[in-house]
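Presented sequentially are two complexes of subunit A, the first with subunit B as partner and the second with subunit C.
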Partner chain A sequence: MDWILQFLPLGTERISIWIGVLCTLAIYSLLYRENPIYRFFEHMYIGLAAGYSLGPLFVDIIYRYWIEPIWVQGYWAWAFVVPYGMYLYFIFSERYGWLSRIVIGTLIGASAGLFFQEFSSRYLPQLNSTLQKPLWVSSANPDVTGWDVFVNFLFIAILLSVLTYFTFSYEQRGGVKRVATVGRWFLMIGLGAIFGNTVMARMALLIGRIYYILSDWLMLPLGGGGG
Partner chain B sequence: MTYQHAQDNWFAAIVIGFITLVVLVNILRAKLGAQLYIRRIPGLDAIDEAIGRSTELGRPVTMIPGLTTFGVVAVQALTIFKYITQQIARFATPMRLLTGDATVFAVAQEAIYDAYNEAGRPDLYDADSIRFLSDRQFAFASGVAGLIQRERVAASFMFGEFFAESLIFAETGNMVGAIQIAGTTSFTQVPFFVAACDYTIIGDEFYATSAYLSREPVLLGSLVGQDIAKLLFALTAVSGAIISTIAGVDSPIIKLLGQPGGWDAFMQWLQGGGR
Partner chain C sequence: MSLSHFIAQWQLPEQGRYLYATLVVLGASVLILGLAPVLQSLPPRGRRALIVTVTFLAGLFFAAEFFLPIDWTAVFPKDDPTRNFLTPAIQPAQNVLQIIGALALGLGTYGLVRLHLRNVVQKRTQWGYSVVLLVAFVTMATFSILNTLSEKQLVTKTPLLETVFSILFDYTLVQLDAAMFSLIAFYIFSAAYRAFRIRSVEASILMFTAMVVMIGVVPLGAYISYTVLGLPQGPAPENADWWTRFLHSAGLPTIAHWILTALNAPAQRAIEFGVGIGGLAMAIRLWLSLERGVT
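Our next item is the complex of A and B:
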C-alpha cells in the first residue's frame, strides 16, 4: 500500500517523474512505429524547444550583443545592427526580397573571412605537430626510441595515403590508386574506432534512461546511480 | 598556441596567401574555359538511383542539411540539394527539405525555387516543402524522425554538418526502407552514416561532390587549388619530419613552419649565423 502511494503522481516531484517517463516512452514508441502518441509528444517537444529558444535568444544574443553594448557600454553604432539584420525578413516580400540578399551576402562574406582565421588556428598547429616526427634515432633527438620511430613512420604513411585518397583533380590509377586504397583502409579503421567509442557513450545514455524508469519511477532497489 | 593575427607567424600568413593565390588562379582558369578534371565519386551514381526509386514508388525525397549554420558548408549542401531538386523536378517527385537553422531555411527557399525554375517547372515549387523544424538538436531530430516515418520517404539525402542526431536520421530512414546517401564534413559522424546509409560521402568528398555536380567555376577552381595545397602540405610534412630528425624538433626551421612566434625565432637564428 505504501509503495502504491509513493508510486502514484501525488506531489510535484512524482508528477515531474511521471511526465519524464511518459515523454521517454512516447518518444521511444517510434522504434515500434509512428503513432499519434509519438506525434503529439514530437510536436510538443518542438513547441517547447521553440519557446525555450526565446530565452537564450534574448539573454545570450539580443541583450549581450546589442542592448548591453549600446546602453551599458555606450557603443551606439550597434544600434544599426539589428535593423540591418532584420532586412532578412524581406525574404517574405516579393517586392523587397532583394534587400534580404544584402544580409545573406554579408553572412557569406563573414563566414568566408572567418574561415581564414579558423584555418590558421585549427590546421596550422596540426601541420606543425606533424613536422615533429623524427624518422630515425639521431643525436639531435636523444630521447627518441625505436618504438617512437615506428609510430612516426606509421603516422607519416597514414597521413600521405589518406591525403592521396582525398585528392580529386586527376584520375587515380596504378600505384596512386593502390596508395589511395590503403588510405581508405586506414580511414575505415579510424572510423571504426570512433564508432565503437561513440556507441559505448550512447549505451550509457540508454542505461541512464532505463535507470530513470526502473529506479526513479518504479522505485526498484537497483543501487548505484544513473548515467 | 593558436594564431589570431598574421604577425603571430608571417610564414603562416605567406602559406595562406599562397594557397589563396593558387585557388584564385584555378578559379580564373575555370572561368576562362579551362576544362578542370574532377574524378567521379562512387556515391554520385547512387543519387540518380535514389531519385529513380522514389519516382517509381511515388514517395517523397527528404533533403537534410542537419543543424548546419549558414556558411561554407551550408552553401555547398544547398548546391547539392539544388542538383537533386532539378532531377526530381523532371518527374514531379515530391520533396521535403528539413533544416534546423533559420538562415539556411531562408536561403534554401530561394535555392529550391531557383532549382525548379531552372528545371522549367516553377509550378512544382511548394514553399511548405521547405521546413524549419527547430534549432534545438533533439527536437529537430524528433521532428525529422517523425516526418520520415509518417511520409514513408523513399530516399533521404543528408548533406552538411551533423552531430549526435545523425544516427537517429539514418536509422529512421533505414526503418522505412529509404535509400540513403549522406555526406558530411563532421568526421565523428561519418562512421554512423557508413553503418546505416547506402552510400556515404566522406570529408572532402563532400566539397568535390558539389563541384562535380554544379560544374561551377568557383567550386572547380577551389577544388583543384586545394589539391595543390594538399600536395604542398604532404611535401612540408615529409621534409619537416626529415629536418626535425636531423636538426631536432625544437629547431628554428620547425618553429617557423607553424608555431606562433616561429618567424621571429627563425629570424633571430638567421641573424645569429644559424647557431
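Our next item is the complex of A and C:
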C-alpha cells in the first residue's frame, strides 16, 4: 500500500517524474512505428527547445552586449548594431532580400578573418607537439623507452600516410598509392574507434533512461547511479 | 590617446540617460532602416560591390589585428607595447558579432514560428501539431526569459516561476532531449550492420577496431580479460621478462586504450590538419568573395 501511495503522482516531485517518464516512453514509441503520440511529443520538443534558446539569447547576449551598454552605461554608438543586424530579416522580402546578404557578408568575412587566429592557436600547437616527439633513445631524455620511440615512429607514419591519402592534387600512383592505401586502413581504425565510442556514449544515455524509469519512477532498489 | 579612451568618451550624460538612450536607438533605427530604400536604388553590380566590400573589410579587421606586429609604439609612442592599435577594438568587434549572431539565431526561430503559424491559420494537414509546437514555444520562451532575468537579479524569482521552469526544463525538455539522443542507440546498430555487411579489408578493420573499443571501454572487457581469461591486471613489474610484459598489456581495456591513443590519435590529427588547411583555403576564398553564391 505504501509503495502505491509513493508511486502515484500525488506530489510535485512525483508529477515531475511521471512527466519525465511519459516523455521518454512517448519518444521510444517510435521504435514500434511512427504514431500520433510520438509526433505530439516531437513537436513539443522542438517548441520547447526553440523557446528555451530565447532566454540565454535575449538576456546573455542582447541584454548584456546591447541593452546594458546603451541604457545603463550610456555608450550610444551601440545603438546602430541591432538595426544593422535587423537587415537579416529582409531575407523574407522578395524586393529587399539582397540587403540581408550585407549582414551575412559581415558574419562570413569576420569568421574568415578569425579563422587565421584559430588556425594558429589550434593547429600549429598540434603540429609543434608532433614534430617534438623524440625519435631515438638518448641520455638527454632518460624517460623515453624503446617502446615510446616505436609508438612515436608509428604516430608519424600514420599521420603522414593518412595525409597522403587526403592529397588529391595529383593522381596517386606506385609507392604513393601504396602509402595512401595504408593511410586508408589507419583511417578505418580511427573511424572504427570513433564509431565504438559513439555507440558506447549512446548506450550510456540509453542506460540512463532505463535507470530513470526503473529507479526514479518504479522505485526499484537498483543501487549505483544512472547517466 | 588610445582608441579605447576615445570610444569611452562617447557616453550619454547620466542625467536623463534612459530618455537619451531611447531617442538615440530610435534615431539609429530610422537612419539605418531608412537607408534600405536608398541602397535599393543601387544597380546589381553596385549591390554586389557593396556586399564584397563589407565582407572584405570585416575579414580585414580581424586578419590585420592578428598579423600586424604587436609593438606599435614606434607609430603611437604612448600606446601599450603589448598590443597593436587594433587590439583594443577586438572585444567590441566580437561583441558586435555576438549580437548579430544572436539576431541570426533569432531568424531561425522566427522562420520556425512563421511556418507553424501559417500551418494553423491556413489549417493545413496536421495543423494540430503546429498548435502544440507554438504553445510549447510561447510557454517555454516566457519562462526561459523570466528565469534568465531572475538569475541576473533583474526580476524576482518567485516559487511559481521556479517550479514551472523546473517542470518545463528539467522534467520535460531534458528528458525529451535524453530520450531523443538515446533513441539513436537503436538506429546506430542497424547502421553498423549495414556498414559491416560490406566484405572488404576496410570494413573488416573498421568492425574489428569498433568491437575492441566497444568491449574494451566497458566493464565487460575487463571481466573477459581478467576474470575469464585470467590475464594479469595493471602494469608489469620493473624487471619482468617480455612474455610477462606482453600478458600485462594483452587485456582488452589496455588494447582499447592503446588503439585510442596510439592509432586513433594520429589518424584524427591527420583529419584535423586536412580540415584546418581546407578551412584556411575556404576562409581566404570567402574573405575575397571568390566563392560564388555566397556574395
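Keep this in mind: the second predicted complex is superposed on the first by the 216 of 227 C-alpha atoms of A that agree within 3 Å, B and C clash if a C-alpha of one lies under 4 Å from a C-alpha of the other, contacts with A are read in each partner's own complex, and residues count from 1 in each chain.
Simple rule for what comes next: a contact is a pair of C-beta atoms (placed from the backbone, for glycine too) under 8 Å apart; a residue touches a chain by one contact, two chains touch by 3 or more.
For clarity, every value in this text was computed on a predicted model and none was experimentally measured.
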| item | value |
| --- | --- |
| Touching partner for A:Leu107 - first (subunit B), second (subunit C), both, neither | both |
| First, second, both or neither for A:Ala79, with subunit B first and subunit C second | second |
| Subunit B versus subunit C as contact partner of A:Trp136, first or second or both or neither | first |
| Partner chain in contact with A:Ala180 - subunit B first, subunit C second, else both or neither | neither |
| Touched subunit A residues, subunit B compared with subunit C | C |
| Subunit B versus subunit C as contact partner of A:Tyr170, first or second or both or neither | first |
| Touched partner set for A:Leu99, first subunit B, second subunit C, both or neither | second |
| Subunit B/subunit C common contact set on subunit A | 27, 30, 39, 41, 45-46, 48-50, 52-53, 88, 91, 104, 107-108, 111-112, 115-117, 119-120, 127, 130, 156, 159-160, 163, 166, 187-188, 191-192, 194-195, 198, 202 |
| Of subunit A, residues touching subunit C in the complex | 12, 15-17, 19-21, 23-24, 27-28, 30-31, 39-41, 43-63, 65-66, 70-77, 79-92, 95-96, 98-99, 101-117, 119-120, 122-123, 126-127, 130, 151, 154-156, 158-160, 162-163, 166, 183-200, 202-203, 205-206, 208-209, 212 |
| Interfacial residue positions of subunit A with respect to subunit B in the complex | 27, 30, 33-34, 38-39, 41-42, 45-46, 48-50, 52-53, 88, 91, 100, 104, 107-108, 111-112, 115-117, 119-121, 124-125, 127-128, 130-136, 138, 140-141, 152, 156, 159-160, 163, 166-172, 187-188, 191-192, 194-195, 198, 202 |
| Complex contact set, residues of subunit B against subunit A | 1-4, 8-9, 12, 15-16, 36-39, 41, 70-72, 75, 103, 106-107, 109-110, 133-136, 138-140, 142-143, 145-146, 149-150, 167, 172, 187-188, 190-192, 194-195, 202-205, 208, 211, 223-224, 227, 230-231, 233-234, 236-238, 240-249, 251, 254, 257-259 |
